[in-house]
C-alpha cells in the first residue's frame, strides 16, 4: 500500500487549499479551499486507519465530514448576510476590522 | 527591638503618613492651616529623629534601633529596619530638609495646597523608608513609592515642560529599578539554593556566594538602577529637565535627598553584596565619576538658566561622591558620605535661593538679573556664603568633603593601600582636583552676572530683600553649613565604624569569599532558625555549592 | 497492484481538479471541480477499505454540501466583473510562502515508510464504524451533534432577512 | 616645643571685628565701624608683639611655641587639627602682617571716608587679617590652605569692592580663579605630601626630613615641591599666573597696599620658607623656582617701564620684587628672601599709600600723564614717597639696598645660584630704579599737567593718612639696618651685624645650602656694581623726564614695535584668553552641551528610543488592516518560519 504516496498527495491537496484561501478574492472559492484542506486531513486519517487497522481513523473522518457540513452551513449564511449588507463578495472590501 | 522598647524608626518613618491623614480632613481652601500642619508634623518628626543622633552608639558598626516583624513570612519578606552610621545622617538630612521645604513653599504653592502637602508627607515616608529598610523587598517598595509623589509634584506644580520632565524622570528611574528587581529575585533564589530557606533580609542575602561572572551581571543590574539615580554621566539627562521644571520645593527635595538614594544604594547594597565585581568595576566607575565632575562643571558654565546651572553642578558634586565611594578606603568613603550631606545642604540652599528670586521675578534667566547686591544685600550675602560652600572654600562644609574624597581617591591610586588591586589612577585625582577650578569659574561667573554688574533692568529696582520666613530657613541651613565646615568630627566619628565594616566586606579577598560560602552552609540552617524564631517551613536542604 | 495504480490515478485526478478549482474564474465551475475532487477522494477511501466513508463522502459532501454551495452561488447572482481586481504583490508572496511550506512539509513526510497490517475483512463496513462511534467514541459523537444543532440555528439566524 | 595658650587670640580679634561689622555694620555710624575694625587689628598686633617677646625669652635652639586649639578632621590615619605655631619665621611674618595691616586700617579711615558701603570695606579688611594670620600661624599645611583660600576670597571681595562696575567685578573674579588654579596645584602637593610623609604637620615633616630624609624618593619630594610652587605662583603672582595682579589694582588703593603689596602676595615666599627643608632636598625644584623667579623679575620690570597708570607701575614692580624674593628662595638664601619680604612690605605699602593719597588728592585720576609738579602741593606725601623710591631702588642707607643687595650677592655666591641669575638681578635693579624714578618725576616734578577743575583743589591728605605713611617711611629706612651684611657691619665696628639672619637661623639651619666664600674685596665690588646700576637707572630717568621731556616720545616712535609690545604687556592676557578661556567656553557650549548632552544623550538616547517606538508602531499599523487574507497569510508565514527554524536548528 503506497502510504507515503498518499501522504504526499494529501500534502499537495493541503497546499492547494491554502493557496486557494490566500490568493483567491472570491469568498466562495475561499470556503471551498478550506473544505479541500479538511479533505486532505480526512485522507490521511483514513490512510492510517487502514494502515493500523484501527477504526478510530474512520470515525474521526466521519466526524470531520459532519463538521465540514456545519461549517459550510454557517459560512454560506454569512455570505448571504454579507451580500445583503455589503453587496460584494470580494474579501478585500470586507474589512470592517480596519479602524 | 527599637529604642528602649519603643519602635522609634517606625514612628519616625510613618508619622508623616499619619500627618497626611490628618491633612486629608482639613478643608481644601484652608491653605494656611494645611501648610502649618504639614510643617508641624515634619518638625516633630525631625525632633524625634534627633533621638537617633544622641542615642546612636558611635563605636558599634552594626545596625541599631533594629525592628523586625514578619510581613510575608513564607516568602522571607520581613519588615526589617535599622540604622547604622551610613544611614543615620541621611535620615536626619531627610527629616531636616522636609519641614524647610514645606516652609519655603509657603507663598510659592498657591493652588492645590492640600495635594501638595500630602504628596510631600508621603514622599518623606518613602524616603525615610528607603534609608532604613534592610529587607530588599521593603527597600524596593519604598524605592518605587518615592517616584510617585515626586512625579506628581513635578507634573502638577512644575514649569512649562513639566509633563515631559515628569514622565522622563519617572520612566528613566523605573526602567533602572526593573533591572534591580530582577537582580533581587536572582539573589533570592540563589540564597534559597544555597541555604534552603527563603529570605530577603540584608544579613542573610549577604552570605550568599556568587561566581565572579554572576557578580558582574548582578552588580551591573544594581549599578544601573543606582547610576541613573546618582546620576552618573551617561544617564544624567533627566536631572536638568526635572530640576528646571520642578517647583522650588520639588527640586530641593529632589537634589537634597533623592539623588543620595543612588549613592546610598551603591554603598549599602551594590558594593558589599558583590565585592569582587565592585573591585573589578571600580576603575571604570571612577573614570565615569571624573568625567561626570568635569562634564557637569563645564556644561554648567554655559547654562542660561540658573536652575539648570545648579542641576549640572550637582552632577559635578555627585561625581565627587562616587569617586570617594569607589576609593574603598576610610577617608574616601567618609568623604563621599559627608559630601552627600554637604550637597544636600548647599544645593538645597541654592535651590531655595533661586526659589526666592523666582517668587519675586518669575524668571530664572541669568540675563534678567544684574546688580541685585545693591537691592537685596542680605540675600546677596547668604547667596555668597552658599556659593562659597558649594565651590568648596575651606572653613565651610564643601571643602571637608572634597578634601577627604581627594585624599581617598589619591590613596586608592597607590597600590600599597589596596592589597591586591590597583583601583584608581593618579590622573583621576588630578582631573577631579580641576573640578575645584571649574566650580569657581561657573559659580562666580553666575554670581557676578546676577549680583554684581550694573542695575540696569528696571524690574529689579524695588525687589524686597529676604523676609522673616526666608531668613529663618537660610539661618537654619547656614548653621549646619558652618558647623560641618568648622567641626566635622561630630559627623565623621559616628560614620567611621559602619564604614570600616563595609570596607572589610568589600575588600574581602577572593579565597576568603569563596570558602566563607562553603563553611557557612553546613551550620547556617540550624542557627538562623533558632535565631530568627520564625515559622520557617522546613524544606530539605539542597547540597551547598 | 491494481489497487495502488488506481489510488495514484484517483490522487492525480483529485490534485488536478483541485488546481482547476482555484484557477477558474467562475465560482460555479470551481464548485463543480470541487465536486470532482470529492469524487476522486471517495474513490481512494473505497480502495482503503473505508467503504462506508466513501459512501458518506459522496452522499454528504458531494450530494449535499457542493450542491448547497452551487445553489447559494446561483442565489446571490453577483456579476463576475468586479472580482477581477489586480494581483497585488502580497498575493504573489503568498504563493511563494505556500511553496516554501510545501517543501518544508515534504521533509517531514518524504522519508516516512509505513508497513501496514492487513485489516480484518469487514473492517470498513458501516456496522463496524457504527459500533466504534457508539461505544468508544460516544462522547465526540454527542459533541458533534450539538455542534450541528448550533450550526443550523446559527446559519438560519444569520441569513434571515429581518 | 613648649605650649603657648593665647596665640589663637591673634586671628580671633579680627574675626570678631568682621562679625560685628559684617552683621550690624549697616546700622552702625561710621566712627564706630572704623573704631571696631582698628581696635580688632591693633589688639591682634599687640598680642603678636607680646608673643614675639615671649618667643625671645626661649633659648634660640628650641624657639617653637605651639598652641593646639581643637581637632578639626579625624578619620582613621588622617588627623588634621587647628593648631597655631610660633617660631622666628612666623613671628616676623605675623608682625609684618598685623603691623602693616594696622597702619593701613588707620590709613583707610581717611581714604574710604566718603564711601557708601563703609562697613563692608572694614568687615572684609578684618576678614583678610583673620585669614592671613591663620595662614601665617598654621602648624599644618591644610590649616595653611584654609588661610590660603580665605585670603584668596578676601582679595576677590576687596578687588571687586565697587561691584557695580563690571570691569572691576571681572578683575575680582579673574583674581579668584587664577588663585584657584594655583590652589589646584597646592592641593595636589598636599595630597602627595600626605601619602609620602603620612602627616601634614610642619614640625613632624621637618623631623622626618632631618632624620631619614635620604630614604624618601627625591622625585616624590621634587614633585611635591613643584606642585606647591604652582600654588605659590598663583598666590604670589609669578609667571605664568601673575596676570591677575595688575588687574587687581581695580580695588581701593589701601587694599592694594595691604593685600597686593605687603601680605597676601608674600604668602608663597613664606610657604617656601616654611618648607625650606623640603625644597633643600629637591634641588631640581629650587632650580625651577629660581629660573621662574628670575624670568618674572625681569619681564615684570620691563612691563613696568611703559605703563602710564601709577598703580599699574607699582603692581608690576611688586611682581618683579616678588621675583627677587623667590630668586632668593630658589638659590637657598631663605633668610635674605624673608628679609627682603619684610623691607618690601614696608616701602611697597608706603608707595601704594603714597599713590593712594595722590589719587585721593587728584579726585580719582590715576594716569601719570595728567599729573606733574605735585611736589609743591603735597610735601609730606612727596618726601615719604621719595624715601620709599630710594629704598626700592636699593640706594645704600635705605632698607631696600641691604635686602636686595643681599639677594643679588647670594644669587651669585650660592652653590645653586649662578652668574646668569646675578646678571638678571643687576639688570632688573637698573630697570627698577629707572621706572620708579620715572614715576616720581612724572607725578611730582615738572609742570602740572592736571586738568583745570582738578588743579585748584589738590591738597595734602589729612593727618590720618599721612601719619601711617611717615611711620612706614621711618620703617623703610631703619628696617634695613636690622639685616646689615657682615662686610658693611665690620666697617662700622659692629661684630655680627646681621641680627635678622641670626634670629631666623634656627628655622633654616638644617637646609645646609653651601655658599662659596669670596674675599671681602669681591663682595665690595659686587656691592658697588649693584649700587652703580641703581644710580645709572636714576640718571637715565632724570635725563629723560626732567631735562629732555620730548625724548621719551621720540624714542618710543623709533622702537615702536618694541614699545607697543611692552605697552600691551606682551599680549599675555590676550594669549591666555584665546588659548584657554575662549576655547574652553566654546567647547563646553557647542560640543559638550549642545552636541553631547542635548543632541546625543537626550536626542538620540532618551527621546530617540521614544521616537523609535512610535516609528515601529506606525509601520505595524499597516499590518492590522482588517483584510482577512493578510491575517491568514501571516498565519501561514508564522508556520513556515517555525518549521524553517525547527528544520535548520
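For clarity, chains are labelled A, B, C and D in written order, and residue numbers in each chain start from 1.
Assume a contact is a pair of C-beta atoms (placed from the backbone, for glycine too) under 8 Å apart; a residue touches a chain by one contact, two chains touch by 3 or more.
Here the structure is a predicted model, which is why all the values come from computation and not from measurement.
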With a step meaning a move to a chain it touches, how many steps does the shortest path from chain C to chain D take?
1
Go through B-D and A-D and name the pair with more C-beta contacts between its chains.
B-D
Chain B-chain C separation of Cα centroids, rounded to whole Å
72
So what's the Cα centroid distance for chain B and chain D, whole Å?
40
Here the gap between chain A and chain D, centre to centre from mean Cα coordinates and rounded to Å, is 98
How many angstrom lie between the CA centroids of chain A and chain B, rounded to a whole number?
67
Could you pull out the residues of chain A that touch at least 2 other chains?
18, 22, 25, 92
Return the residues of chain C touching two or more other chains; collapse runs of consecutive numbers into ranges.
94, 98, 101, 105
Counting only residues that touch at least two other chains, what does the list for chain B look like?
none
Those chain pairs meeting the touch criterion are A-C, A-D, B-D, C-D
Which stretch or stretches of chain A touch chain C in the complex?
1-9, 11-20, 22-26, 28-29, 31-33, 35-36, 39, 42-43, 46-53, 55-56, 58-63, 65-74, 76-81, 83-84, 88-90, 92
Residues of chain B touching chain D in the complex:
168, 172, 234, 236-238, 240, 295, 298-299, 301-303, 329-331, 334, 371, 373-374, 377, 381, 388, 393-395, 399-400, 403-404, 406-407, 410-411, 414, 429-430, 433-434, 436-437, 440-441, 444-445, 448, 451-455, 486-489, 492-493, 496
In the complex, the residues of chain A that touch chain D are 18, 21-22, 25, 91-92, 94-98
So in the complex, the part of chain D that touches chain B is made up of which residues?
22, 26, 70-78, 142, 145-146, 148-150, 153, 156, 160, 163-166, 169-170, 173, 176-177, 180-181, 183-184, 187-188, 191-192, 194-195, 584-585, 587-589, 592-593, 596-597, 601-602, 605-606
Interfacial residue positions of chain C with respect to chain A in the complex:
3-4, 7-8, 11, 14-15, 18-19, 21-22, 27, 30-31, 34, 37-38, 41, 44-45, 48-50, 52-53, 56-57, 60-61, 64-65, 68-69, 72-73, 75-76, 78, 82-83, 85, 91, 94-95, 98-99, 101-102, 105-106, 109-110, 112-114, 116-120, 123-124, 128-129, 131-133, 136-137, 140-141, 144, 147-148, 150-152, 154-159, 161
